[in-house]
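In the two complexes below, chain A is the common chain; its partner is chain B in one and chain C in the other.
Coming up: the complex of A and B.
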C-alpha cells in the first residue's frame, strides 16, 4: 500500500467531485423549489416535490464516491479508508459551498421572484396544516425568508451537517471500492 | 507538542516497542482517519440523534396523556403543555446520544481497554483539590460570565432565534416555578447535562481534537462547538467562556470529573436560586454598568486568573513529581 503520508495532491479530485455534485444538487434543489411553488399547499410536510429535494440530498452523497474514484484512478494508488473519508468530507463541504453560490446566483440574477414565491407557498402550507393556531404561529416565526442571510446560513449549516456526514460514509465506501489493495 | 507526538515519545520506551512489537493502535489510527474528522462528524451525528431520540420519547409519552394519540393536534398540544414530557424527552436524548452512544464510539478512537483513560473518565490522585479549584473557579468566574453575557447582548439576534430563546426561557421558568420537586429539576437541568455534555465535549471531542492539533486550539474549538451546539446566540459568549473553564479544568486535572462537578454546580445554583426565589427565574439577569459592578468584574478577573494559575502550578508540580518517580 502506498504510504498515506506521501500521497499526491488530492485537491484537483476534490474540486472536480465537488463541482459535479454541487451542480447536480443545485439543479435538483431549484427544480424542487419550482415543483413546490407549482403545487397546491395541502398542509403536509412531505409531498412529491419535497421528495425531489430529498433525492438531491441523497445524490449529494456521490461526492465521496466520485472523489475517491477520480483520485485513485488518476494516480493509480491505494490508501486507507480514513483518507477516503477525509476526501469525501472535503468534497461534500465544497459541494455545499458551490450549490449555495449557484442558488444565490439563480435567485439574485436569473429569477428574482423565486424566493418570494417560495416563501408565500410555505406560509400558505402552514395555514393549511391541521395543528393548533399556536403551533402555526410558531412555525410561521421559525420559517426564515428564503434568500435572507439567516436562511442562507441555515441552508449552509444543514448542508454541511447532512452532506458532510453522508460524504464521510460514502468516502469510506469509495475508498474501499476504488483504493483498497486487491488480495 | 500534540498528543500523537507525546504518545510516540511515551511508546518508544515501552518494553513492547523495545522488543520490536508494534504498540496497539486504535481502529481509526489503523485505518488512517484524522481524529478531528471523526470527532466533528460525531458531533453532527449526536446533534441529529439527540433531536430524534428526544422527539420520539416526547411523542410516545405525550401519546399516553391524550385520548386519541392519532390526532396530531392533540399530541402536539400535549407535548407543549406537559413540561415533564419535554424534560424527560430532552434528558433521554442527552443520555442516549451524548453519553451512551459516545461510550460506544470511543471504542473506535481508543485502544482496547483504555476507553475511560481516553475520555479522562478517571479519578486522578489529587482529584479533590481540582474539584475544589473547579468550584472556586465557577464561583469567582461569575462576574466574568456576566460580563460575557453583557457583551453578547450587543450581538444582533435574528427574530426567530430570539423567539426560540424566549420560548426556551419561558419553558424553563415554568418548569422551575412549578411544583416539580427540586431533586427532579436538579436531575434534568444539572446532573444529566453535567455528565453527558462533559463526556461528549471535554471527554470525547476535545480529546480527539488534541490528537490532531495542539491542546490550546482543541480547547478553544471544543468550547466554541459546545456553545454553538446549544443553538442560542444570546448565550454564545457566556457558554464559550464556561466551555473554556471546563476544558481548562479537564486539561489540568487530566480528568473530566472536576469539570462535571463544576458544570453541575453552575447549573444547580441556577435551579436552587430559581426554586428559592421564583421571581428571579424570569428576570433578565444582565447587570447595569456601574462603578461597583466594574470593581466586582475586575476582582472577578483577578480571582479567576489566580485560580487558573493555581491549577497551572499544581499541574507543573505533578509533572515534576511524575518525572522524579
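Coming up: the complex of A and C.
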C-alpha cells in the first residue's frame, strides 16, 4: 500500500456506499410506514414502527464504513482519517438524497395512497390522545402532510444533519480500520 | 522516558465537540424540561429518527420524557464521549496494538448480536442496564481504535 498526495477519484466509492445505505434506509422507512398504517392509533407520540431503525440502530451510519472499505481496497491506498471523515460525510449526504428520491418515487408512482393513509393515521393518533381539544388542534396544525414540500424539506434537512454527522464519525472509524497504517 | 505527542488536534477537538453535542441531544426533551404533552415530537427525536428505533419501551425516561435514543444507543453515545475524554490518559497507560483493539470491537459487535438474538428468541430478557452497558462498551471500543491517531506514545508497545 502507498500513501499518495494525489488520491484517486473517490466518487464511485461514495456512490456505491450511498446507494447501498440509501436503499436500505428507504426500504426500512417504507416498511415501517406500512407497519404504522396497519397498527391501531393509540395516541402515543412515538410508535415502535415509525422510524427507520426498525431492525437495527445506527444502520444509517454504515455508509461511512462502506465508502472507506471500498475506496481503500479498490485502490490499495492508505490515507488520513480526516479524509475518511470527508468520504463518510459525502456518502451520508448522498444516502439521504437517494433515500428521499426512492421515497418520492414510491409514494408518487407505486403507491399513491401511501401518504394519505399515513396522514390519516397521524390524525387518528392525535384524536386518540388524552389531551385537551385545543392541544390536539395545535398538533394537527403542526403535523405536515407526508409528501408535502414542508415534510420533505424537514425530512431532508434532519436527515442530512443526523446522517451527515454520524457518517463523519463512522467514516473516521472506517478509515482507521481499512485505510490507515497499522501501529 | 515515555512521552505522548498530540497529532491532528483540530480533528480531535471537532470530534470531541460533536460527540458532546450528540450525547447532550440524546437525552431528549427531558433534559430541558420541555413538555411533550402536545404530542409533537421534539427536534431531538426527529434528529435521531434516522438512526434509532426510539421504541419507548426500550428507551430510558429522563424527567418523565423518553430520551431521543434507545438505551443501547444512549450507551454508545456515552461510551464514545467518555472514551474520547479518556483517550489522552489511555494513550499513555494502555499499550495494545491495533489488531487487539480491532478484535475487541469485533467481539463487542458479536456480543450485541448474541444479546439481541437471545432476547428475540426468548432465552433471556435484556434490561435497560444490560443494553446500556453493551452500548457503552461498543462506544468505547470504537474510540479505542483511534488511540494512536491523536496521541502517539513514544515507548514500548505490546
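Quick note on the criterion: the second predicted complex is superposed on the first by the 171 of 183 C-alpha atoms of A that agree within 3 Å, B and C clash if a C-alpha of one lies under 4 Å from a C-alpha of the other, contacts with A are read in each partner's own complex, and residues count from 1 in each chain.
Here, a residue touches a chain if its C-beta (ideal position, glycine included) is under 8 Å from a C-beta of that chain, and two chains touch if they have at least 3 such contacts.
Computed from a predicted structure; not experimentally measured.
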{"item": "Which of chain B and chain C A:126 touches, first, second, both or neither", "value": "second"}
{"item": "First (chain B), second (chain C), both or neither touched by A:141", "value": "first"}
{"item": "Partner chain(s) touched by A:89 [first = chain B, second = chain C, both, neither]", "value": "first"}
{"item": "Partner chain(s) touched by A:150 [first = chain B, second = chain C, both, neither]", "value": "first"}
{"item": "Partner chain(s) touched by A:161 [first = chain B, second = chain C, both, neither]", "value": "both"}
{"item": "Which of chain B and chain C A:180 touches, first, second, both or neither", "value": "second"}
{"item": "First, second, both or neither for A:80, with chain B first and chain C second", "value": "both"}
{"item": "Contacts of A:57 with chain B and chain C, given as first, second, both or neither", "value": "second"}
{"item": "Chain touching more of chain A, residue-wise (chain B, chain C)", "value": "C"}
{"item": "Chain C-contacting residues of chain A that also contact chain B", "value": "80-82, 85, 131, 135, 138, 142-143, 161, 165, 168"}
{"item": "Chain A residues touching chain C - in the complex, by the definition given at the top", "value": "25, 43-46, 48, 50-54, 57-61, 80-82, 85, 96, 125-126, 129, 131, 135-136, 138-139, 142-143, 154, 158-159, 161-163, 165-166, 168-169, 172-173, 176-177, 180, 182-183"}
{"item": "Of all residues in chain C, those that touch chain A in their complex", "value": "8, 11, 15, 18-19, 22, 36-41, 45-57, 66, 69-70, 72-73, 76, 80, 97-99, 102, 142, 145-146, 148-149, 157"}
{"item": "Sites on chain B touched by chain A in the complex", "value": "28, 31-34, 37-38, 40-41, 44-45, 47-48, 72-73, 76-77, 80, 158-161, 163-164, 167"}
{"item": "Chain A to chain B touching residues, read off their complex", "value": "4, 79-83, 85-86, 89, 130-132, 134-135, 138, 141-144, 150, 161, 164-165, 168"}
